[in-house]
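Here come two complexes built around chain A, the first alongside chain B, the second alongside chain C.
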Partner chain A sequence: MTKPKIASDWMAGCAGCHMSLLDIDERIVTIAQVADLRSTPITDLKQPDESGVDVGILEGGINNTANEEVAHTMRKRCKLLVALGDCAVFGGVPAMRNFFTIEESLRRAYIETESTDESGQIPNDPELAVPTRVRAVSEVVPVDINVPGCPPDADTIFYVLAELANGRIPELKDDKLSWY
Partner chain B sequence: MINLTIDGKIIEVPEGSTVLKAARQAEIHIPTLCDHQELTPYGGCRLCLVEVEGFRTLQPSCTLPVSNGMIVKTGTPKVQEARKFVLSLIFSERNHFCPYCQVSGGDCELQNAGYEQGMDHWPMQPTFQKYELDASHKYFILENNRCILCKRCVRACDELVGNFTLAVEDRGADSLIVADLGVPLGESSCVSCGMCVQVCPTGALIDRQSAYKGRDTQVEHHPTLCVGCSVGCGVDVITRDNHVVRIDSDWADPVSNGVICQVGRFKPLEDGRERILTPLVRKDGSLKAATWDEALKTITKAVEPQVGNDKGIAAVVSTRLPAEALYQFKSLFSDGLRSGMVTTTEDGFPTRGVSALARELKRPFEGKLDDLRASDCVLVVGADLHLKHQVAGFFIKRNRPNGTRLIVIDPQENGLEAFADLVIKPDQTGTTEIINSLIAALDGKDASVELISAAEMLKHAKKPVILAGKNVTAEVEVVRALSALREKLGDSAVQLSIKGKANSFSAAQYGLEQDFAPGGHAVVYAALGDERPSERLLKRLVGKKFLAVQASYASPLTAMADVVLPVTEWVEQPGHFVNTDGRLQEAKKVIHQPDEVRDNIEVLKDLAERLGVKTDCQWQAALTQSNTPVALS
Partner chain C sequence: MVAQKITIEPVTRIEGHAKVTIHLDEKGDVSRAYLHVNEFRGFEKFCEGRLAFEMPNITPRICGICPVSHHLASAKACDELYGCPPPRPAALLRELMHMGQVTQSHGMHFFELAGPDLLLGFDADPATRNVVGLIGANPELALKAVNLRKFGQEIIATLGGRRVHPNYAIPGGVNKALTAAERDHILAGVDEAISTVKVGLQIMKDWATSHQEDVDKFAVFPTGYFGLVTPENGLELYDGKIRLIDRDGKQLECFEPRNYLDHIAEHVENWSYLKFPYYKKLGYPDGVYRVGPLGRLNISDKIDTPQAHAELKLWKQINNGKPVENTLYYHYARLIENLFAVEKVAVLLHDPDILSTDILNTRRDFKGVGVGVVEAPRGTLIHHYWAKENGQLEKVNLIVSTGHNNWAMSNSVDSVAKTYISGHEVTEGLLNRVEAAIRAHDPCLSCSTHAVGQMPLELELLEADGSPFRIIRRD
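Moving on to the complex of A and B:
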């Protein structure tokens, strides 16, 4: 049996879920023994294999057109899509800006922030991704497995990875189910 | 009794019970959110939906009365689906993103319900509609964005407190919890009892003092006694690492039934006074840190020459101290050192008239707070229960929608007037005369319209209660007049007095009731504990030759002292208190005092020993040496 291929990427998040993944410590060796870890934002390979992977993991919500592309690419190239962490599952902290208009958010971030001098300017290069409302991954592409948590516990992440590597669908409940 | 079947279990419950109550009795778990054991069922959240045979739709078990032969199922796929759907709707309505909420991680009933239903995501995303946040209140913040409209806060304000401050404005998704007619909470009629904060199932009502200071799994609960006043409510003091984090009411407490006021809940945590951490002795005109031995020796040296001299030592003690300390104080100064001026910081003022009548009648003549709770007509004389002894006021105010009438007689302004059916101002005539005229009116004699109306209300009441406050109970004539009024109203009528501080009753029984007049006394000893010295006390102690103060906190009084002894505050000392209706209650030691600080009772014992005074521990027996106004229980 070939080892299942796992790829991950991050979008509108804080990288904390990937840090929590690293918190599984030496158990990452166990994962590497049973799964083929492909592209991740913290390894050299950045894009999931065009030939496809078995499991795609996404951290963060979707807050611009670039994130949308990341989500669509991952969805297209993976069999099972995992939303990792509160931002990917619910929208999380970035989604708080949904209570304001995008214009308000941009003005606050680039012009009104205390550390900005008078020349504050909202970036408008046409090559930049266009900001959107912050969405949970499931609002853009179908998600197979939700792993909430801010961040999810390292033990929970290990459980999820181990189950997936062994060809099972992890079940998030009881002490493994937490949103904060 | 009614027989019904829940999940195949046959259950017998009294008629009028709800399906939810029946299920709980049979230990069948039904998840709930808007339900609260102390509040009337509301049926707002729909999380407790169950399937009932013969019913077309799912039914909320919290409001559904049981009926004979009813067959209820609580775990069918239809019910489980409904629960998830209900939670999905609630989560989608407002801002329920958990990471920044102070109750996330175990203390949020909504989050717990989500976990219980295995919700690993929200099937419907939030609408991101913005609601108002009201941060105008001193003690808590109303964050409408986290509100699930369960109305527990509104029900607590109405049903437990009777203040009717909170209400719901608008309809549907626009519904908002508002104060009064939509004014900021901080400017509203709110009395800051905090019951709404305690019953809120989510993080919508944020306690400024305790938010983020520890979740329930990280703190310890200590049921003990509030010493804020003579009502004597049980409280749950919540601590973490030897610090008080929060004070909640104790639902199991028989006196308050789980209601407390601002004085019990918020005041102790905003003390802000400087703690005295070591004994202080005045040297070369200023107070210097000293050892306990040095401080106590300085006192004994000043006291010894005055022993037996009636005008030698004046001693004053706080009625916030346990009965053990009051008794020790009295034994030491009155019996041991034979001082003629031993009294309390209240001068016995709130109890004097009541004690006098008890001795005169040689039997108890007052009723219990239970009577007040059950009364359908209350006559309050000279007690502003809206301001002080608030919980006693809550007992009256919350019964008003059920028809309880309230008559207020008070020469001074009284916060209860806004809630009263009838307000009588004694004006030129004294309170005694007004009461006597009321008795006359009950006899059908001519009186003012108000008095006739009051007489009518009292006459038709099933359980009239007369409650006298400390503004009037110093005078035995008033107490006697009220007693006559009670007799006139018949056997069902009950008389109560509110007395004063937590242990005014005990102090009265120990005979500590005289006016504190430290005129020519050479030595003054003030055992203040954690009480704030009144202006009146300070005035009387200015320029004393030798002043020793036993106190927890720095104050203008300790600044005047020659010796200051640092002592425990209320949560640091165990001891007994007798509340206003004669209930002997125990306060627990909840946290440890700072190193050099000693227990109030221990300090008095040490002092007695050093002065060669033998004292005993008969504090309990001494409570009943003279006739009590109300039977002790």
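Moving on to the complex of A and C:
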């Protein structure tokens, strides 16, 4: 049997879910044995394989145009899409921005903050992504498996990866749900 | 030949999201390279209206790699704001948690993020130039690295209940005392952690010796250096005054962190969501400085633990006592700090106050304004809050570690691109060196873009009019 291919990326989050993934500690060796880790933020392939991957994992919500692209590309190239962590599942702490207008948030950060000097301006170079309302992944593309938690604990992540690597859909209930 | 542009997106093995654009002139030489930090989150705005005591739990969500730094900087800002300085045992316990974090973050960066470049090579196959490749190439070393990170993470979990986003520091102290059994359990892991850090140090020294040419031409430039110090100008990560030195090592300032606005300001460029802090008296960009491991060792005359101090003495010889300017020596400095952090864990655990249950100051003398500063793994982290009398926040200002290094990272990208890239024979390995220039700083772009964090790599060659010419993508 060929190893299932797994790709991941992070968007509007904090990298904490990927850190929790690394918190599986030495079990990373097991994962490397049963799955083929493709593009991830901690490896050097930049995009999920064009030929497709079996599992796509997204951490973080979607808060700008670049994240929208990441979500669409991942969805298109993976068979099963996992939303990892509260930001991906619900929007999380970054979604608190939705209580303000994007303009208000940008003005505070780049013009009004006490340490910002007279060069203050809202960055808008064409190279930069444009901020949007903060959304859960499922508001932008269909999600197959939601793994909540801030972050989900390492045991839960290991369980999810191991089940997927073995061709089963993980069942998330009871101690597999972290609500804190 | 027409002018062209190369885009690297995403930049990998760093925290967060960024892209690099490299502009080539008609001859195919690099005219200018930019680091664009490509995300904005807006914590400074959306925390307005929250109650100040919530901040030690909200702000760690700025960064999952160094959540403890935000947790502690926030708690320190709250100590001031509510007027409730923590009792000594609480400060020791917070510092212990911080040392756990420095150990896991520095260890992970060296072995798991930057390590593949050094251990497998800048030009290694990008499909395996990563931690899994490292497991394959040297499983014994990879396991040591995993255990070093685990040692640090377990300190955090022992104190704060969990490894990422712990719940521990509160205004006036911490919420749980340490037990003797917990202390002994942590102490039992110290020797192994020190031995792993020393393995890393030896790898780094050997690599520097065999790659001296790279070390000496890879983004070497003068700046100021900035960070906390002990009263004797020793290395300090948790609490102290901020010392700023110039490019020659002369002290420019040594000030109380709460007065940071008197000394530094942030410049904004249109092409990045990450601001550019600088020393006000010298202005921008003359007043730029570097933070993090390289900056901290340059401002420190000594280290208060013996093994790290011995390493610092060797490190100071690199540039005959003058500040070390080589970007690749960030890795070396990081490992010396890692050694200090593990030694400091033992020092703290042997302190007679460490098991005390006097961990919370419940008397408050409300001030309404508070500044909290710690040395996060990546540099000086500043939280500044203003609250109404009911504790509701009116304003929040954050200057995050990686931000201070923004100019240096951008300059490193420009410098490495100019040194290594010429003409149109641009290989993946050369582009990886450009990324490595960023990686050396161990940026945390989620942090720096609290306000702002995304580093993605694709190479896009554009005609002079901006139309796409060729795209090189790593996938």
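Rule of thumb we're sticking to: the second predicted complex is superposed on the first by the 179 of 180 C-alpha atoms of A that agree within 3 Å, B and C clash if a C-alpha of one lies under 4 Å from a C-alpha of the other, contacts with A are read in each partner's own complex, and residues count from 1 in each chain.
Everything that follows uses one rule, which is that a residue touches a chain if its C-beta (ideal position, glycine included) is under 8 Å from a C-beta of that chain, and two chains touch if they have at least 3 such contacts.
What you see is a predicted model, and the numbers here were worked out from it, not measured in a lab.
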{"item": "Which of chain B and chain C A:117 touches, first, second, both or neither", "value": "second"}
{"item": "Which superposed partner A:63 touches (first chain B, second chain C, both, neither)", "value": "second"}
{"item": "Chain A: partner with more touched residues, chain B or chain C", "value": "C"}
{"item": "Touching partner for A:150 - first (chain B), second (chain C), both, neither", "value": "both"}
{"item": "Partner chain(s) touched by A:83 [first = chain B, second = chain C, both, neither]", "value": "first"}
{"item": "First, second, both or neither for A:29, with chain B first and chain C second", "value": "second"}
{"item": "Which of chain B and chain C A:99 touches, first, second, both or neither", "value": "both"}
{"item": "Which superposed partner A:48 touches (first chain B, second chain C, both, neither)", "value": "second"}
{"item": "First, second, both or neither for A:142, with chain B first and chain C second", "value": "neither"}
{"item": "Contact residues common to both interfaces of chain A (with chain B and with chain C)", "value": "92-93, 96, 99, 150, 180"}
{"item": "Partner chain A, residues of chain C touching it in the complex", "value": "9-10, 12-13, 15-17, 19, 21, 34, 36, 38-42, 44-48, 58, 60-65, 67, 108, 112-113, 116, 126-127, 129-132, 135-136, 139, 142-143, 146-147, 149-150, 153, 162-165, 167, 260-261, 264-273, 275, 277, 284, 384, 395, 397, 399, 432, 444, 446, 451-452, 454, 456-458, 473-475"}
{"item": "Chain A - residues contacting chain B, complex", "value": "83, 86, 89-93, 95-96, 98-99, 135-136, 138-139, 143, 146-148, 150, 172-174, 177-180"}
{"item": "Footprint of chain A on chain B - complex, ascending", "value": "95, 97-101, 104-105, 111, 114-115, 118-122, 125-126, 128, 130"}
{"item": "For the chain A and chain C complex, residues of the former touching the latter", "value": "10-20, 22-23, 25-26, 28-29, 32, 37, 39, 41-50, 63-64, 66-67, 70, 92-94, 96-97, 99-100, 102, 104-106, 108-110, 113-117, 119-121, 123-125, 127-129, 131, 150-151, 153-154, 180"}
